[in-house]
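Order of writing sets the chain letters: A, B, C and D. Residues in each chain are counted from 1.
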Amino acid sequence: MIELVLQALYSGFLQGGSYALIAFGLALVFGTLKIINLAHGELVLLSAYIAYTVESRMDVNPVFAIPFALVLVCLCSVLVYYLLSFIRKDRELNSLILTYGIAIVLTNALLMIWSADVRATTSPWLQEALVFGPLASMRSELIFFLVSLILMGALWWWLARSWYGRAVRAVASNREAAKLMGIDPRLTEILSFVVAGILASFAGVALFSYGVIHPPLGEALTLKAFTITVLAGLGSIPGVMLGSILLGLAEALTVTFASSALQDLVGMILLLIVLFVLPNGLFGVTGGRG
Amino acid sequence: MLEIRNLEAGYGPINVLWDVSLSIAEGRVTTIIGPNGAGKTTLLRAIVGLLQPRKGEILFRDRPIHGMAPWHLLEAGIAMIPEGRMIFRDMTVEDNLILGAFPKARRAGVARNLERAYTLFPRLRERRRQLAGTLSGGEGQMLAMARGLMSEPQLLLIDEPSLGLAPVIVNELFEIIADLKAEGRTIVLVEQNTHKAVGVADEVYLMLSGKVAWSAPARDVDLAVLHDLYFSR
Amino acid sequence: MKVMLLRWAVVVLLAYFFVPWLFGANAYLMSLIVASLVIGGVALAWALLGNLGGMISFGHSAFFGVGAYVSALLAINADFPIWLAMVCGGIGALLVSVLMLPTLRLKGPYFAIAILAYAQIFRIIATEWRSLTNGVAGLSSIPSLPAVLWWESGSKISSYLIVVTLVFAFILVYRWVANSHYGLALRAMHESEDATRVVGVNSTLLKAAMLLLSACMTGMIGAFNAHYINFLEPDYAFGGVWIVIPIVAAIFGGYRTIWGPLVGAVVVYLVDQLLFKNIFPSGHQIILGIILVVMILFSPGGLLPLLTVRTRKRTC
Amino acid sequence: MLKLEDVSVRFGGLVALNNVSLSVGTNEIVGLVGPNGAGKTTLFNVISGLVKPTSGRILFDTHDLGSMPVYRRARLGIGRTFQIPQPMHELTVRENLVVAQRFGAGKLDSVKIDEILEITGLDDKSERDASSELSLTELKSLEVAKALATAPSLLLLDEVLAGLESVGKRHFMTLLKSLHERFSLGILIIEHDLETIASLCHRVVVLNFGEVIADGTPENVFRDPEVIRSYTGAEHA
């Protein structure tokens, strides 16, 4: 029993790593534009399908898909930004509808290109079990957990130390004041979409290398990322990490003790609870949705 | 240095500035006073491009700048120090200051300017790692001032530095403004605190209901007369 | 007024007499008409909340699906008469919307996303509660709709007459709300909720009423559809199409007209079914996404407002 | 008619109002003045219910407003305008008034929309779209008209004169005076222009840092050294 719990916690913990990548992309865009990108999960899924193609067509390890994914996903991400920039009136809602529309387009494009079949990696190397005492995981889970830690570290450094990282935070903090500092907010907006695209690329390849993918998955991914974002308040890296691990743990425990089919239910219910009960998330100071 | 001609500006359907003209001379402190709602802050916002004027023109060193984006104006040498609530509350004091030197040409001098800011405002050095949101009102205002100086502006616009602050802190702030004046800087100071503002100024403009109602060199200003204008006595 | 009455008389005559008389024999055509009226009904219900109430719902599939399952299960397991089962389907959807009442406190985007989460939750429940819903395999041989007049149970014409009556009822409800002072207050609340509250409008109650009403209407249409096609599976009953088409149609129609959402839904649905489904058998909904994107970019107020503005300018 | 007892409002650590007590009598026009950020609009929001007080009591006629929702206060007879006009979007001018009339304090026929349109000078604009086809003066008139259509007994006017040219201002002054006489309203008005306040109000309340620092006739209040100090920073006057 205890072993089962430990194992569940371990898997959930590792899963939290890639959730953090997805969630932080969403949070970054929300921070600079105050817009929820409902197509974010589909961008992640696009990267996952690129990994699938690289594996099945070129017969190499899916991690080699990362460069292709980076280019394509970042392009799509910037395209989303470009379309969003046309919206003038009633930005909050119209941008939500717009990104919802883009999400539908992407989901169906994935469906048309890769069909509705469920895909998973066939690489034995990635799927090999690594066992530490009572805890077991696939090699891919560990690799991508580390990748995620490194990326989050790099992101932290960028946001805390670089000129443009600081500019992104400044725009998120106070847009008017940022303009007075000589920062063109549009630049930080594009940057946040690019960074979101980079994170989504890695997250997508991770998703494919230890899980199963199919076209309708995108919406659930977006909602999970949104759950983590509201859980974390907005935009703090430790908050997002913790929120991601929390969601990972909750899902893993559900899978262990209830059913794998109910995994997604946990995220949704968590989202509603957070929206209704915690007006500012667990760590948040800003915002207010009521 | 700065020439404003027949400026008209406002928010949505509301017009705040009606036909404002004034000129700012280099190396002088020009103070704009007037009651609430007279349009003083709106004037500054129009100068730095946060608000697009509807009519009129603004010339900086004989170059028209109306319609330019705020981020380009900073590179041209115009900086605005907004009221203290416009700091980056969820960033550290030092990050706030560093962002003040964001324009590319200013980045090289960031270490030197940071040191200068800490010398000018020793209290900010003590709190450099603190989040700006945890500062008191007076410290927040000091941070806004220090941040505005980080870009070594040629023209400095200061918006109501005394707003909502205790008299002791107001005195401290005005000493710093006097120091800046002594360095020969060009400053436009918007204030409700006429007494202090006139004391530090070379030129005084009085704005009432979105118009320049009266102007005079600071030494000719009689505060009693000014107060009569204020209270329509 | 006279013109109004005349116009209505013509419409009713067309709907109840000429359509069955002219097309009744063509089963394919009739099934298309019924299907577009179903989608039109959902669009009207959505518009009540979205266009009039200003609450953009990404979750009407929950009401449609719950209405369908409640009605089908009551008819299969408890031998409910179909009429009663359909009403219960509406009530089921209404109860679901009661669960959603806390979302009304949330601001626009948060409201939309919370509702999206609800829709996902109900789809998962319908998929996983196998003992009740038979899971992904779905429910088959759902009892057919009752006979109407001399047309037998389950026939195209009787189904058509039922759904056309439902849609007419929805139009009347929509008109009543839109033309009352509640409709004015709802429209005013979109962008200026505080302004309506300070003149005495209980905005929370009004929004709640619209949510409940819209849910109930959607549920009844869902119930009708279940008995009409005699088959249900979670991915269909809770499918994204019940969310997307109403949004597209609503933007297409704007809120000032009833015909906008209705006609919009029917047009979009028919184009999707007749044209794109044949061109791209899988993933044909991509076209709905593209329409949505293009429409929001070029006319956030909807196509019809664009047209009315243009004509008004021309007449001036 | 309206009585505030020790009302305080805190937003986080910020004290927006501190133990404010004031009253407005039936048929009285009271001016509310004070520097920016003094808490004037917050005070209006507390009275109309958009902001909950942290402590203190608000009494209106015989009712304790407590945590009464906004719409019920409106139905009791508290009408208000917003500093930035908030016309009901997508509605015509007349429809704006219909909503206010149907939901407000007045029983259906006790307020006549046509009459209000006429007094506020909006009679020839009644079919215009309220959010896009009105000038600023008309928007301000509409704010007042909407509040009147609820048939209030107390009117809270938030800077209805700000941003108007002197002609518009005079028009509004006349309007306010005639309204006051005709409907016997209590009025609480926020206004920066002290001349206007002096000529319009029976009494003036001055707020500074969220506290009442003076309350009395305009002549007395504007001579109060503390008031002058709050306005100009002068150490002596």
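To be clear about the criterion, contacts are C-beta pairs under 8 Å (C-beta built on N, C-alpha and C of every residue); 3 or more make two chains touch, one makes a residue touch a chain.
As the structure is a prediction and not an experimental result, all values here were calculated from the model.
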Joint neighbours of chain D and chain C, given as chain labels: none
Pair of chains joined by the greatest number of C-beta pairs in contact: A-C
Chain at maximum distance from chain A, centres defined as averaged CA atoms: D
Separation of chain B from chain D, taking each centre as the mean of its C-alpha atoms, in whole Å: 32
Whole-Å separation of chain centres (CA-atom averages), chain B against chain C: 56
Averaged-CA centre spacing for the pair chain D and chain A, given as whole angstrom: 48
Overlap residues in chain C, where contacts from two or more other chains coincide: 191
Chain B residues counted as touching two or more neighbouring chains: none
Pairs of chains in contact (touch as defined earlier), listed by label: A-B, A-C, B-D, C-D
Contact footprint of chain A on chain C as seen in their complex: 56, 58, 102-103, 105-110, 112-114, 116-118, 120-121, 124-125, 127-128, 191, 240, 244, 247, 251, 280, 282-286, 288-293, 296-297, 300-301
Contacting residues of chain D [partner chain C, same complex]: 48-50, 69-72, 74-75, 79-80, 82, 86-91, 95-96, 98-100, 102-105, 131, 146-147, 149-150
Complex contacts: residues of chain C adjacent to chain D: 181, 184-185, 187-188, 190-192, 194-203
Chain A - residues contacting chain B, complex: 160, 163, 166-167, 169-170, 173-174, 176-184, 285-286
Chain C-touching residues of chain A, taken from the complex the two chains share: 36, 38, 83, 86-87, 89-90, 92-94, 96-98, 100-109, 111-112, 115-116, 219-220, 223, 226, 259, 261-262, 264-265, 268-269, 271-272, 275-276, 289-290
